[in-house]
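The chains carry the letters A, B, C and D, assigned in the order they are written, with residues numbered from 1 in each.
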Amino acid sequence: MKYEHIQQEAFEANMQLPKLELVLFTFGNVSAADRSLGVFAIKPSGVAYNDLSPAKMVIVDFEGKTVEGNLRPSSDTLTHAVLYKQWENVGGIAHTHSTYATAWAQSQREIPIYGTTHADYCTVDIPCAAPMEDEKIKGNYEYETGFQIIRCFENKKIDPAEVEMMLVGNHAPFTWGKNAAKAVHNSAVLEYIAKMAFITEGINPAAQRMKEALIKKHFERKHGPDSYYGQ
Amino acid sequence: MKYEHIQQEAFEANMQLPKLELVLFTFGNVSAADRSLGVFAIKPSGVAYNDLSPAKMVIVDFEGKTVEGNLRPSSDTLTHAVLYKQWENVGGIAHTHSTYATAWAQSQREIPIYGTTHADYCTVDIPCAAPMEDEKIKGNYEYETGFQIIRCFENKKIDPAEVEMMLVGNHAPFTWGKNAAKAVHNSAVLEYIAKMAFITEGINPAAQRMKEALIKKHFERKHGPDSYYGQ
Amino acid sequence: MKYEHIQQEAFEANMQLPKLELVLFTFGNVSAADRSLGVFAIKPSGVAYNDLSPAKMVIVDFEGKTVEGNLRPSSDTLTHAVLYKQWENVGGIAHTHSTYATAWAQSQREIPIYGTTHADYCTVDIPCAAPMEDEKIKGNYEYETGFQIIRCFENKKIDPAEVEMMLVGNHAPFTWGKNAAKAVHNSAVLEYIAKMAFITEGINPAAQRMKEALIKKHFERKHGPDSYYGQ
Amino acid sequence: MKYEHIQQEAFEANMQLPKLELVLFTFGNVSAADRSLGVFAIKPSGVAYNDLSPAKMVIVDFEGKTVEGNLRPSSDTLTHAVLYKQWENVGGIAHTHSTYATAWAQSQREIPIYGTTHADYCTVDIPCAAPMEDEKIKGNYEYETGFQIIRCFENKKIDPAEVEMMLVGNHAPFTWGKNAAKAVHNSAVLEYIAKMAFITEGINPAAQRMKEALIKKHFERKHGPDSYYGQ
């Protein structure tokens, strides 16, 4: 009974993925963590969204070991576990193969910050981690994917509390937030930004990144001590 | 009780945004003015469309001061206020981040008039205001955005009564009309025109603007003393 | 009472336009003819699809004069009238501003025959009529649009019984058929072909027209004495 | 009565095509085989999806002869028959004209393997069969289409048990699987991959195929003795 709250949270967040048109079939998964208990609830592997229920969410600890549940957790579970363990403020993680964000990941390009929609969420280009070394792929792949994401942020000196979305090269996006609902919200925003950036470059192949003053203004409207967006 | 009619009008117009697929989450806002009372009703900031009601619409005067309402008005409120104050025939204003129109704004290009769909609404390319100076961005940003729009029309010698739509560079579209419903109608038309112009240039990178005689004919079919469209 | 059958037919065909996502607001119209009576029923001008009813369809003769109905007929009525008068086998006509077909019209290019989907409907590139001379635009514009379409087919030596779809340059598509339902069917097919041709050229800018033997085979599967498609 | 199970299976699989937005009108067909009986059930030709029922599915043997049913089977029936006869492990076949996959077929290019979504299903570029010789087109066209597909796989030394999807140049995709539901699943995945590959090349015209270690890893996660995806 003690995991019901995160099972419910993870269930509701997973069910948003098809509703927001971010997944085909089972191409995505969301998890919700309880840091006081040191565990997270995650979608079971290969189960269709229509067949999900809160009770089917698998409980896993931050080492990636299943604590409770009869179903096998998502095949990406170890990536979630690594991120929760290393990034202490993350409360929810979402992974999708949403169309435009995945196409940017496949093209191995960062998404340039072209407008205020992007700046409302972060002040830098959306990072894209380079594919990992062959030895790591052959080894503990999903575990290494977690560190691939973390190294990408370390190398670029980006704080995961400020940039809650990124692309794994040749693979697809990962997003996170204070809880599972915010992680899914960020997945939808990333897909929206990714689509608009693709069209922007189609309209103007020489399109320029937005200027710094405007980036700063829009980000601070929604974040930080002087924010004035929302209630 | 005396503001109920514009609260209702603003509520209904805001609810059209998700229905017409012009917004993700809360990325948009519509207002409805009553010029005899010198106020407008506008969407509250950061409130999801599903949670809106007429009573939640905030009443604001043309200086941007809240006259009635417990919620904070949209963060773009000052832009609306400036436009109502400066442009005397405007009865409703809509602002969205709709996909294709926003991509044109991000590309900092005007939308060329390629066909009769565009000419049914205006006779010129859809204007795109250049980003404002850094000092203004750091100052009263939303207030300055209103003047950025107005200066754009003044510089191009365009009458806002004839062209009811435009793009703010690196940001997104603004549209207006005699009332809030017409402002939203124009947002949907602008998105449609923006998408078709993007595809047109993909099909023919050397596509030419439509010739003047045809522009004039189509505009006059729907507007002016000899119009013969509609009942 | 004697026009009820074509009013019903025109009503049902018009209502298919929003259902097939071929129109925004009122950007389209369909008519249904009764050749024994020498008239056609057509959508009234500027009336939203949700407000239509069979009784609102306006009855017009092949000279373009209203025979019955209190509403003004579509502003494109004279184009329909000319086509009915000149092309004796046409029983229904549809006009939309559907996104991709209109973009091809705006680009002033014919749609190359790239695949069997296209060849199932016609054996040639979808024709695109060049914009008309300024004098005609200033004159009886909609009437001239009918002759613009007819001249296009005459110049290219195309039979409107074999090719039931075309583009008016800088404007949008017109389609027709034995009845109004077939005209709308052809509008949906044209939009589908137009979208696929746009993507085809994006994938391979040097894409080639399909070879003649395959064009002939697919067209004859569905048409002519040896057809073997359908029941 | 003895064919009811495959009629039901074929009916349900056909009804998934419009639901998954893979067909316009009747542009697609699915069949379900019973190898112990040596027959398959297939959609009747030219019948709208809304008018289908299990009893309307036509029973055909692997030579392409109708065994039971009053309706004419799909005009592509002989292609299905050839594939069932030559490829012994196929239990269901789907054919659509889905937008992006058909555009790749029209462009006569294979779909490069750009990401893990693709590698989850197969380890090679999606093959595209070159158009067939004119003599064969004029002859038993649909029968020859079956052999066109088979020769394509033989020439490329691809096993149809490992790659369950392909494109017929200038025509459209064919997919298959252990049963009809899996064949339709593969059609949806192919369309998704095709769309993302188109966007990927738009974002980065120099995009590279994914590296072999990552292709192998993702394919083996879902397939083969060490797979660990799903329950």
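The criterion applied here is as follows: a residue touches a chain if its C-beta (ideal position, glycine included) is under 8 Å from a C-beta of that chain, and two chains touch if they have at least 3 such contacts.
Given the structure is predicted, the values throughout are model-derived calculations rather than measurements.
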### Task
Report same or different for the chain A and chain B interface, where same means the shared residue numbers exceed half of all residue numbers found there.
different
### Superposition of chain A upon chain D: rotation angle, C-alpha, nearest 5 degrees
90
### Message
Nearest whole angstrom, what separates the Cα centre of chain B from the Cα centre of chain C?
### Response
33
#### Entry: Inter-chain centre distance, chain B versus chain D - centres from mean C-alpha coordinates, in Å
46
### Two or more partner chains touched - positions in chain A
201-202
### Task
Within their complex, state which residues of chain A touch chain D.
24-25, 27, 44-47, 71-72, 75, 97, 99-100, 102-109, 131, 134, 137-138, 141, 170-172, 198, 201-202
### Query
In their shared complex, at which residues does chain D touch chain A?
114-117, 185, 188-189, 192, 195-197, 199-204, 207-208, 210-211, 213-214, 217, 221, 228-231
